[in-house]
Amino acid sequence: MARIALEHVDKTYPNGYVAARDLSLEAMDGELLVLVGPSGSGKSTVLRLMAGLERVSDGVIRIGERDVTDLPPQQRDIAMVFQNYALYPHMTVRENLAFGLNIRKQPRALIDERVGAVAASLGLDALLDRKPAQLSGGQRQRVALGRAIVREPLAFLFDEPLSNLDAQLRVETRVELSRLHRKLGATMVYVTHDQSEALTLGDRIAVLKEGVLQQVATPMELYDQPANKFVAGFIGSPAMNFFKGVLTRDGDACEFRGVDLVTPVPCEPTSGGAVFLGVRPQHLEITSDNATGEGTLKGEVGVVEPMGNEQIVYVTLPGGERAVAIAPVRPRITAGERVTIRVRPEGLHLFDAISGRRITRFDWPLTPKRSGH
Amino acid sequence: MKKISRLGNEARLGWTLVAPALIVIGLIAIFPLGWTVWESLHLHELRMPWLGQPFIGLANYVEIANDPRFWGALGHTAFFTVVSISLELLIGLFLALAMNRVFRGRGFVRAAVLVPWAIPTVVAALLWRFIFESEGGIANALLVDAHILRQPMVWFIEAATAWVPVILADVWKTTPFVALLLLAGLQNIDLSLYEAAAVDGANAWWQLRHITLPLLKPAILVTLIFRTLDGFRVFDLIYVLTGGGPGTSTEPVALYTFNALLQNLRFGYGSALSVVIFAITFGLALLYVRGLGVRLGGDEA
Amino acid sequence: MESGASRVAQRGQFRAGKWIFAGALVVLMLFTLFPFYWAIVASLTPDAALFRNPSLWPHQIIGDHYRALFGDRDFITPIRNSLIVAGTTTIFCLAVGTLAAYALARLDFKGKAPIMAFILAVTMFPQISIVSPLYLLLRSLHLIDTYPGLIMPYMTFAMPLTVWVLTGSIRQIPRDLEEAAHVDGATRRQSFTKILLPLAVPSLATTGILTFIYCWNEFLFALSFTLGPERQTVPVAIALFRGQYQVPWGEILAAAVVATAPVAAMVLFFQRRIVQGLTAGAVKG
Amino acid sequence: MLPARTPSPSFPVRFSSLSKPLLVLIGVAGIFLGCARASKSHETVLTFSGSALGAEGTLVAKQLKDFMRLNPGIRVELQRTPDDASQRHQLYVQWLNARVGNPDILQLDVVWTPEFAAAGWVLPLDRFGPASSEFFPATIVANTWAGRLYALPWFADVGLLYRRTDLVPREPATLHELVTDAQQAMARPGGPRFGIVWQGARYEGLITGFVEYLGAFGGRILDDSGRVVVNQPAAVRALQFMRDELYASQIAPLDVLTWHEEEARFAFQNGTSVFMRNWPYAVGAMSDKTQSRVAGKFAVSPIPASGDPGGHSTATLGGAQLAINAYSESPAAAYKLIAYLTAPQQMLERAQAVGQYPTRQSLYSDPRLRTAIAIPPEDARRAIESATPRPVTPIYTELSEILQIELHRALVRQAEPQDALNSAASRINALIDRTGMRKLMSAARQTTDVPDTAGAGAPLPADRSQ
């Protein structure tokens, strides 16, 4: 197993589209690193750069300590699982599994042994002589996985491998992948656009936007200390609420003043000026009392989505803005109801209105080991 | 989507793989074209070695400009092209709409219309020639039986009637191709548009006018290009059906050129005619592509 | 292909015109099939009856024309010639064209778009424009009235056709299969031979069929570059049946039936593939 | 049938300029070419090209075999050539242009000899001392260019008038009589639908017919000095007469405007026509009672004169000639073969086997000919003697094409006869100018010992070619 490192990698397409800009990122040995971002963020390109399916415009790629920047994929000794599995339709499952070993001219006996072992571990024994067209989606997924494992590569790359599965199978496979990662102790890079998948799977998560790395951190850190407004908004569901306003300082006390909301916030030495206040829906409390004053908002309930154990409430604020809150199942909240929202002080995030950068830090002392720009 | 290869030698590999095909095409299509132009500037009569092969500048082109048979042939070609393509587009559109529906025997219809397209043009021409023979031709027999004609007529001795089998044969043979191109276009149209229109209460005619035809325009234009260029190249069909007769009143430019080249072995003059045809075809293609803004598929790279 | 479009259309408002539609379709089908029917009937009718009183129903069936065709007429020779010429051209074009199509569909290099445009332009070439130099070229190589003397000119239309259609259909094969092979350790050559080529076999077959049909049907070059019965292809032989004195319609029609049968069979058999091949490269909305 | 041999003599030469893939391709395809000719060094190998179908083919094969038996040092190979005359012509022109020495002996249509001679593609035969005087003069004139003989007539074809003897017992003396006879026969109850059928499609056959009408009215295409006279009054009258047959007297059906020889024969042998203009070959087929409804009920005669002053009965001369390829490696042996094939015995044999008319005058007094050809030899002789060649000029083919088009235009009523012929005349004049023909022809006349044959007015040969 080996680490995969990108060092100051640029990728620009001839048509001018920039897929990666001065990107430095490392998947450490044995780590499962998730690349996440909205579509067009360049996350798939980064994976393809690692695989060697695309060439960098500038920068260096290392696998282990080896500089593989100019090596074609077949010399990088990595395995990749494609979004739609890319099983060779003209070959049986057995042949698919054995393909990489055959190409490397491994001895027959070794191939048989490894294919057998992998098939057994993934429950593919009975399917070995079928063609991919005769398999279900989940079975194909496992063959694709098996094809990667059987070669015992330096690292695994996954390109949205679960996106073609139905919801239940997706969860099962996610668990399976986690288990596999632990068992193999392999370096894995996993691309997804689904932040919840990222949070549940990743040892660390790298968030990309328009070819620029926003933040790399553990799931908790990413959730609690998003490095900027983009990450804050991308991670977590429903997404964080943002209120535009001004940060004012009065001695040691700082205060956020938005259109409808005034609330004290912890001070930072440099802070001041136009900001966004970010609050996760979990940290908005809906009350029906007529409380007023600091930390409260008035609004009218638009839509309520009952989720079983909780309800998601969409509230329209007087200014026309909307806020999303998660409330306990009881009391029942109904559409059209006028409510008061209270902002819990422990869940506040402040971001610079112009750069989007995080400008407050709260009491709990979590310092990101690495972070983006 | 781009792909990697080692050290940027992808370009070299690409050119290497394309080279044989390009060389073949260049050697046997492009190089001869240049040679044609060169020939066209010479007097070269294979039958008359005593004339030599002097360079005569544009004299051949001047002769073409003053050659009524050439202008006649050009007119016949244009007439043939316009008439046959109009019919083919109309019938082809109908067939395409038909084949795009589900009905019993659709597979059969599709296969049946394809057969005329696939057989040699020469055979098609002979079949129609036979049908329209004055003695023993079934067309005469049927028309007389149906009291449309009072007596059998000789189709091939009047320009107006000689065109009938020519156009019919071309329509018969080429409409399937047109229908297929249009069908491909039809199948690119998003079905939900029809569903939406139907829900909105639009009738079939409205759907055809406002959804099918506008969205089919690219396919129609592409078809138009292919068929126009084909029309200007027409040779086999008329060579076999009428031989250009009566007189020369169904003679297209390609047949006239062929006669100049291979019957009379006038290579200089014939080459000049070839160049003119090429120029016309090329001009038409450009006109279509530029003027109508047709995008031909395949250059998505 | 079996789209629901039809269902929608059918369920829709066409119902009123359904009978008109069906009627028109039947007329069209008759128009399409009648010449074949008539050719078959006539080719089995004695000459004398043919010219006296043409009748839609065969009264007397004879095989004389077919016997004459393969006896006196030696129609086997043109068939053999056509097979050799069309076959060789097709195989050569597929071999060379596959490489080119692979490069055009899969590799990334400057000049691809111009090459595609060039190839498309060549398919629009009027054949007659290059008859004269080809003739002179072939003559100086002493290739007039030889197989290579036909195969070479056939490349002018067969090669662009092959490359164009193949490029179109290779583009439709998912690219990630080859990428997967590369990641699995395959070199470009291996991914080509072990992955792409096996997957492209149907496309190759389709393209081959199309190219073969075009070559089989070609007339102008075959007429211009062959001189005698020894090397004439089927269309030329049929067109020139009109011999010294006579128009042997019976034999001509028998020959027409014989020449049509193989392509008709091919078309009926591979109908779906041919349609795909024809339209794949040609139209992209 | 006969051993096939590739007509391309030396294929894999001069390839250096071609690309490698092309070479491979050609190499692969070249395998199919096969068969290089292995000739034993001690014998002379001749290649003979000519019609080789059916009975004629059998006869040629036999005569070549006989020849080889008599000449052990010479081996003759037969090369099949297209039946269609214009195809054969094209083939020859290509070979000769490429200066290919094979085939050594060419079978020429009667109208090709001047062209091939002027181009230097066939050898003058005078040095071999041919016995020209033994052949019909017209056949010699047709094969003479610039005073030298370039080919020997092998067999003769002449245009004949076929007549239903049951309907018209006496042969018409003039064309006007012919019209009356035809109309009367058609008017009879159950009479034929057509009065006369001929070859009116736009091809060489139209010219052969026209030349006969032209002679009948005293017109010509070119006069003795080579001037174009095809638009003069006699010619216009001839063309008008042909047109009147279609539209005025309506004795000829419009169908003839698309007909070649066989369509005309079918019509006549099915009993649908009173007269027919055709070549002698039709006699045989129509005498077969199983196929023909007119067997025993028809006769042939020369095509009559118009009856106008200056007109004379004219038959277009056709037939085949044998000539020697100028690039032949063994001209002497080739001449030997030509002399053999045109010797009285072989001509007679030919007449017996396929009914073709000998070109040697003496044979017509040979009793054996009477049983060989289908009509009395005197009649045949009379027809051949009245036969005239088509214009003896190297540019005949193109001249003919111009005439075919213009005549056809007049006959389908796209143009008036005078206008069509004027147009033809001016285009032929342009052709003569363009090809430097005037100079060439006057040079030819100067060297001619027989004065004024080159221009060939009325007379001109036909062959049954298209």
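We call the chains A, B, C and D, going by the order they appear; numbering starts again at 1 in every chain.
Keep in mind that, in the parts below, contacts are C-beta pairs under 8 Å (C-beta built on N, C-alpha and C of every residue); 3 or more make two chains touch, one makes a residue touch a chain.
Since we're looking at a predicted model, the values are computed, not measured.
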item: Fewest hops from chain A to chain D - one hop per pair of touching chains; value: 2
item: Chain pair whose interface holds the most contacting C-beta pairs; value: B-C
item: Per-chain CA centroid nearest to the all-protein CA mean; value: C
item: Most distant chain from chain C, judged by the mean position of its C-alpha atoms; value: A
item: Cα-centroid distance, chain C relative to chain D, in whole angstrom; value: 39
item: Centre distance in Å when chain A and chain C are each reduced to the mean of their C-alpha atoms; value: 54
item: Distance from the mean Cα position of chain D to that of chain B, given in whole angstrom; value: 38
item: Distance between chain centroids, defined by C-alpha means - chain A, chain B (Å); value: 57
item: Where chain A touches two or more other chains, by residue; value: 52-53, 72-73
item: Interface hub residues of chain C, defined as touching at least two other chains; value: 51-52, 96, 152, 155, 179, 188
item: Two or more partner chains touched - positions in chain D; value: 21-22, 25, 90, 97, 263, 266
item: Chain A residues within the chain C interface of the complex; value: 51-53, 72-74, 76-80, 82-84, 86, 88-90, 99-100, 103-104, 147, 151, 157
item: Complex interface listing, chain C residues touching chain A; value: 174, 176-177, 179-188, 190, 194-195, 198-199
item: In the complex, chain B residues that touch chain C; value: 1-3, 5, 10-11, 13-18, 20-22, 24-25, 28-33, 35-36, 39, 91, 94-95, 98, 100-103, 107, 109-124, 126-128, 130-131, 133, 135-138, 140-141, 172, 177, 180-181, 183-189, 191, 194-195, 198, 203-205, 207, 215, 218-219, 222, 225-226, 229, 232-233, 235-236, 239-240, 253-254, 257-258, 261-262, 267, 270-271, 274-275, 277-278, 281, 285, 295-301
item: Of all residues in chain C, those that touch chain B in their complex; value: 1-14, 17, 21-22, 24-25, 28-29, 31-33, 35-36, 38-39, 42, 50-56, 96-97, 99-100, 102-104, 106-113, 115-122, 124-137, 152-153, 155-156, 159-160, 163-164, 167-168, 171, 175, 179, 188, 213, 216-217, 219-220, 223-224, 234-236, 238-239, 249, 252-253, 256, 259-260, 263-264, 266-268, 271, 274-275, 278-279, 281-285
item: Of all residues in chain B, those that touch chain D in their complex; value: 20, 23-24, 27-28, 45-51, 69, 134-135, 154, 156-159, 243-249, 259, 262-265
